[in-house]
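Common to both upcoming complexes is chain A, partnered first by chain B, then by chain C.
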Partner chain A sequence: MSEAPRFAPGSAVRVKDDWPERRGPCHIRTPHYIRGRVGRVVRPLGAFPNPEDLAFARPAPRRTLYHVLFDQPPIWQEGRPGDTILVEVFEHWLEPAGGGA
Partner chain B sequence: MAAPPRPESLALLERLLAALEAKGIVTAAEIAERQAITDRASPKIGARMVARAWTDPAYRALLLADGTAAAEAMGVSMAGAPPLGVLENTPTRHHLVVCTLCSCYPRAVLGYPPGWYKSFAYRARAVREPRAVLAEWGTHLPEGVEVRVVDSTADYRWMVLPMRPEGTEGWDEARLAAIVTRDALVGVAVPKAG
Partner chain C sequence: MQDDARTPATHDIGGLARFRCTPVEHDEAPPDAFGKTVDALRQVLAQKGLMTVDELRRGIESLPEADYFALGYYERWLRSIAALMVEKSHVGPEVLE
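On to the complex of A and B.
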């Protein structure tokens, strides 16, 4: 699971609109406010053991971690246009959103 | 400040440490060394790194490319610490670090996180209305400056490289380091010459 990064810098990606916490005990590092949202890959940060497995002492395959950039609005309407949020997101939470950037 | 630990918590900790040692997972010496490293760490380390970056272009390049290597170049042990990333403030971009999920913080170079960094209020508001949070710190950015909130959600730890303020021309590293506060390294404040 630690092959070359799937997404290149600049790729448009959508964070999966998935809510594992509704299905049972879990440990996830993907904040709720970006699920289902489209952002842009800034760069891959390397591969790290999947925290979703580590937290339960299961074998933890390494997954590529990305820095993904989101625009403040529309995520938070309190934000000012032009402001941004930069979040670390694991590859298995991302899918192509098309378009590129 | 946090309340002192309860006796039953300390007793549980003692039993956990004994079990870890008995199973050969860690030694008492390793734990003591780690405690000493954590206790030694303080925002003064991050401030020295910033001051050096302000005066040494090669070090600045290293700091931005590989924060872990830049910390080690200052004599900081990063063994066992998460990788350190450094975020460069510019005339058009200001970074603010938060961990909305818990309290991830670059302890190796800033020491223990302050209470407010771990508070629900900061964690919720920094990501949602960062300019209102900055204003409460007295930090008002000029027009045309983008606020980039960095949500520290996973394996990296993040420190801000603030801009060197005007009025510090000719200052040496020690004098520069003295104006780089913990709050500036998190991004809620900016360094000032006066």
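On to the complex of A and C.
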């Protein structure tokens, strides 16, 4: 049951505003430009061993991976309304976001 | 993002203006002899359980920025593999001297 997706398609989620790179060696699959940003879950993609642990040869619990869709203009200050960015994000980087995305 | 913007990690370059509007590198040519040798080494070490691709990536991402952008693709691999073998005490640092 621990691998059941926490977020359903359409859920508004906020990417954690976390910067592990500043705390020491790490391997992070969450690109810097979406941290702290609100997006919307498109769909869960399955559960996979956490690469943040695999990168250090640690036991790696499986984490659900999602396609999360973001509005592009506020992220890169360019583009037209309706432009989007689709990013694969692991569940432990996501928090529920109240309100609209 | 501005040209002088910094990202938290060398490889995390999405959105950086200095990497935009340049021709896409269609890296479809097969690896040269050096690249094949490095990949063979990586495969042997993985089969023996001495390293994983995730560790390889972590090693590449921890290269000093100047090295990261100066080295070729498989040169980065080799630097990471060597560092991992030392880190995991599979070889002594003196072997790499």
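Simple rule for what comes next: the second predicted complex is superposed on the first by the 97 of 101 C-alpha atoms of A that agree within 3 Å, B and C clash if a C-alpha of one lies under 4 Å from a C-alpha of the other, contacts with A are read in each partner's own complex, and residues count from 1 in each chain.
Assume contacts are C-beta pairs under 8 Å (C-beta built on N, C-alpha and C of every residue); 3 or more make two chains touch, one makes a residue touch a chain.
On a predicted model such as this, the values are computed, not experimentally measured, just so you know.
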item: Superposed partners chain B and chain C on chain A - clash or fit; value: clash
item: Most chain A residues touched (candidates chain B, chain C); value: B
item: Touching partner for A:57 - first (chain B), second (chain C), both, neither; value: second
item: Which of chain B and chain C A:21 touches, first, second, both or neither; value: second
item: Partner chain(s) touched by A:45 [first = chain B, second = chain C, both, neither]; value: first
item: Contacts of A:65 with chain B and chain C, given as first, second, both or neither; value: first
item: Contacts of A:7 with chain B and chain C, given as first, second, both or neither; value: neither
item: Touched partner set for A:76, first chain B, second chain C, both or neither; value: both
item: Chain B versus chain C as contact partner of A:89, first or second or both or neither; value: first
item: Contacts of A:31 with chain B and chain C, given as first, second, both or neither; value: both
item: Chain A positions touched by chain B in one structure and by chain C in the second; value: 31, 33, 51, 76
item: Residue ranges of chain A touching chain B (in the complex, touch as defined); value: 29-31, 33, 45-46, 48, 51, 65, 69, 72, 76, 78-80, 82-90
item: Touching residues on chain C, where the partner in the complex is chain A; value: 1, 7-9, 12, 14-15, 51-52, 54-55, 57-58, 61-62, 88
item: Chain C partner contacts - residues on chain A that touch it in the complex; value: 19, 21-22, 25-28, 31-33, 51, 54-57, 75-77
item: Sites on chain B touched by chain A in the complex; value: 83, 85, 100-101, 127-132, 146-156
